[in-house]
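The first chain written gets the first letter, and so on, giving A, B and C; residue counts start at 1 in each chain.
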Amino acid sequence: MARFVQNRWYQFAWADEIADGAVLTRTVLDIPMVAFRTDAGKMAVLDNRCPHRFAPLSEGKREGDTIACPYHGLVFNTAGQCVRNPHGAATSTLAVASFPVLERHKAVWIWVGQQEPDENLLPDLSFIDAAPETAQLRLHTAVQANYELLADNILDLSHADYLHASSLGSGFNTRAKSTVEEHADHFSIAWRSDSDDAPPAFNLESPAKLWTEVDWYAPALMVLRAGGHPVGKPERGIDTLNLHNMTPETLTSTHYFSCNTRNFLIDDAAFNAVLREQLIHAFQVEDKPMIEKVQRQMGTPDLWSLGPKMLPIDKGAVLARRRVARLIEAAE
Amino acid sequence: MARFVQNRWYQFAWADEIADGAVLTRTVLDIPMVAFRTDAGKMAVLDNRCPHRFAPLSEGKREGDTIACPYHGLVFNTAGQCVRNPHGAATSTLAVASFPVLERHKAVWIWVGQQEPDENLLPDLSFIDAAPETAQLRLHTAVQANYELLADNILDLSHADYLHASSLGSGFNTRAKSTVEEHADHFSIAWRSDSDDAPPAFNLESPAKLWTEVDWYAPALMVLRAGGHPVGKPERGIDTLNLHNMTPETLTSTHYFSCNTRNFLIDDAAFNAVLREQLIHAFQVEDKPMIEKVQRQMGTPDLWSLGPKMLPIDKGAVLARRRVARLIEAAE
Amino acid sequence: MARFVQNRWYQFAWADEIADGAVLTRTVLDIPMVAFRTDAGKMAVLDNRCPHRFAPLSEGKREGDTIACPYHGLVFNTAGQCVRNPHGAATSTLAVASFPVLERHKAVWIWVGQQEPDENLLPDLSFIDAAPETAQLRLHTAVQANYELLADNILDLSHADYLHASSLGSGFNTRAKSTVEEHADHFSIAWRSDSDDAPPAFNLESPAKLWTEVDWYAPALMVLRAGGHPVGKPERGIDTLNLHNMTPETLTSTHYFSCNTRNFLIDDAAFNAVLREQLIHAFQVEDKPMIEKVQRQMGTPDLWSLGPKMLPIDKGAVLARRRVARLIEAAE
C-alpha cells in the first residue's frame, strides 16, 4: 500500500546543502537516503542501506562516481548498481535503489514512483532563479508533524491574523475570505482586497490594496505570492514570491523547504540578513511549535479519524487533502 | 470501552496551583485539559484541543469568561461553547468538552462521565478546611505509574516497615494485621494496637497505643488517619489526617495529590516548613522511585495479567481493585 | 514461544564485575535479573522481580545467603525460595526464578532452559584461565543491536579490511576466503594464508603467514584465534586467543563480552593498559556504531524479513543463523 503520493518530484534538499565531496543523508518517505555529487558534478541520490546488510553507504568512501559500503566494501555507482564486489561477482541483484534526480531552481529533486520521471510534473519555480541572492532566503526546517498539516497551514492564511498577529496579521485574511480556482494539475486559492489594513510587516500605509495567492501542487508544494500597495499608489507597492514545500520524512515528520523572494531592496544584503533572522524566528517561535503541538494533541497523522470540525477557511486544505487521497488511492 | 471509572469527581489540581489570569494544563484520563479562572472567579476546565484542528487553547488569549484558540481565533466560553467564530457562524457543533467543576476542600474537582454531576459523590474532606495553613501540606507529584499501584501502596501500610524503616516503620503495621469494614460507597481498612513500638517519626515514648486507618473511595481517593500516644498517656498523643488521592493521567502515569494535616504544633510555620521538606524527600526518595520501578518491571498497567502472588496484606488492594473493575464494567 | 535458544549457558557477567557484598542487575533474554555473592562466596542469579508485586529485589537487604524485597520484606534464598514472609506462611508458591550458576573461566554463567544444567555444554575457554592478567583484557559492552548481527560481524572477518582498514585490515581476510568445518556442537571458520600482507596492528614484517580462526558455539559464543609470522620466521610470530560472546539482553540489544589474550609481552602491564585503550577505542568507534546503525536502518531484529543479498562471506553467518533457528524451533 502506498502511504505517499507516487510519481512526483520530491524536494530532497537545496542544492547548496550538499557540498562538493560531502554526502547528505536524509530520510524521505520513510526511506533513509544519501545524496552526493560525483567528481563530474552529477548529483546522485541512493537508498542509504546497502542491499547486503543495510549498512549506511553515507559513511563509506566516495571515489569518482562511486560510493563504497563502509562495512564490507561493495561499491555502487550513481545508478545504484554494484560496480565492485570484493567478495564475488558484482551481480545486478546487488543493486541499491537509485532515485532519478533533477537539479532545478537551486534545489535537488528526486523522482519517487514506478513510472518514468516526467520533468513536466515539476512546477515552474523560475522566480527562484530570477531573484538575486541578496533578495532570496532559502531554508530547510525539520518539523515533527505530518506534511499535510503543514500544507493546511499555508492553504489557510487566516491563521496569520492570530498566530502572527504582530507581524503578518491585520485581520485582512480573515475578512477577505478566499476564492478558489481549480485546474487539472493544481489549484489556486487567493485572498484579495481593494482596501484593507496592511499587515505590520508589510510596512505599508493603510488602507492598502492587498493580495495573497497560493498555487498548490500535489502533494504539498505551494507558491505563495503576497504583497500590496497603498490604495491608489501602486508605485509604493511591495510584492513577494515564496516557495513552501513539504517533503514527508515520515507520516509524522516533514522537511519544510521554503524560499522567500521579494521585489524591493533586492540588492541589500544587510536587509536580507535581517529578514533571514526574522523569518527563522517567526517560523521557529510561531508556526513550527504550534503545528508540532497540534500533531502531538492529535496523536495520529490521520486528521479525519479525529472528526475535526471544518470551517470555511479550510476550503483549500480540504481540496488538497482530497487530491492527495485520490493520488494515493490511484497508486495502490 | 471505558478505561477509567466514570461518573466520579476527579481532582484536577489544588486550587492554589491555578493563579488568577493563568492557565494550568494537565492531562487527566488521557484527555489534555486546560483550567483557568474567569474574571468573575469561576473555575473552568475544558478539553485543551480546539474542535477545529486540535490546537492547544491554553496558548490562546484569555478574556473575561472566554479563551481564544491561538491558531484561528475561535473563542470558547467556560461551558465549552464557541461564542465567536471569526470565519462563520458560531454553531453548537463547534463546542469543546467542558468538565463540570467543583471547588471544595482547597481543590479543583472535575466531573467525568455522562451522568449528572452529583456533589454527594465527593467524600467529605472538611479536615482540610479545618486545619490552619501552618498545620497542613498540600502536594502534587507526577508519578510514572498506574494509579492503582499507588492506591495499593496506601492500602497496604505494612510497606512502611520496609520501605520507610527509618521513619515510619516500627514493625507495628506488619504485626497489627489489618481489619476491614465494607460500606456501600467506601471501605475502611485499619491497623490498630493497644501497645507496640511507635514509628520513629512519631517521636513518641514506646510502648504506645497506635492507630492507622484508611478510608478508600473509588477510584483511588484515600483518607488516612495515623497517630498514637504512649500507653496510658493520651494527653501526650499525636494525630494526623491525610489525603492521598490518585488521579490517572494515563494508564501508566498519575497525578498524586496529597494533603497532610496534624493536631500538634499547628501554629508552627517553621515546623511546617521542615515537615514539608521531610515529606517531599520521603516521597521522592522512597515511594515514588519504588513504585515507578515496579511499574517498569511490570511492563504493563495490568497487574493481574502478570499473576502476582497476593498476600494477606493485599486485602485492601484486592477489594479496591474489585470495586474499580466493577465500576468500569458498569460504565461500558 | 521461545524467542531465544534454551538449555544453554549464557554469560551473565565477568566474575569481577560483581563485588563482594554488592549486587549486579542485568536484563538477560528479556528477564530482569539480579546477581549477588553469598557470604560463603556462592554466586546467585535470581529474577529481579519479587513474585508478590514485582519490586526490584536488587534494592533490598542482603544478609547471609538471602536477599529481602525492599517493598514488603519477603526474603529469598539463592534458590529463589521464600524463606521468610513477615505477613504469613513462606509457601513454595512465593518462589522467584533462580538460574543455575556456573563460575568458570573468570565468568559467571547462567543456565536458561527447562532441562537439567549440563556443564559439558559450556565450551572450553581455559585459555582465559591460562593467560596472566597482564596478558588479558576482559570487557563488557552494551550494544543496541540484535546478538546475531554481532555474531555475524565476527563470523565474517572480511569486514576488518573495510571497517578496521587502518588497524586490522590488510586485505588478507578478503583475499584468503574462508573455509568451514562443521561439527555436531560447533563449527569452525578460518581464513589462512601462507603469504600475504599482515594487518598494521600485527606489527609484523610482510609477507607473512597469517591465520584467523573462529570456533562458533550456539547461540553466539565465539573463540577467535588470530596471528601470524613473517614468512619463514616462525620465531617472530604472534598469536592471540579471544572470546567474543554475545548474550542477548533483548532481541535488539546485547551484552557483548570479550576477552583478549596474547602470547607476547605477557608480563607487560603497561602494554596491556595501552592495548586496552586501543581495543575499547576500536570497538566504541568502529564496530559498535556501525552495527547499531545497521540495526537502526533495519528497523527489526529479523534479518531475513528484509531480504538481504547474502554474499559468500556470509557463509559463517548463514550457518550460525540456521543452527540458532533450529535450536529455537526445537525448544518450542
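The definition used in the following text is that contacts are C-beta pairs under 8 Å (C-beta built on N, C-alpha and C of every residue); 3 or more make two chains touch, one makes a residue touch a chain.
Please read all numbers here as calculations on a predicted model, not as lab measurements.
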Mind listing the chains that sit against subunit A and also against subunit B? C
Upon optimal superposition of subunit B on subunit C over Cα atoms, what rotation angle is obtained, reported to the nearest 5 degrees? 120
Quick one: subunit A and subunit C, Cα centre-to-centre, how many Å? 47
Overlap residues in subunit A, where contacts from two or more other chains coincide: none
What part of subunit A is in contact with subunit B in the complex they form? 152, 156, 158-159, 161-163, 174, 290, 293-294, 297-298, 303, 306, 308-313
Along subunit C, where are the residues that touch subunit B in the complex? 32, 48-49, 51-56, 59, 68-73, 85-88, 93-94
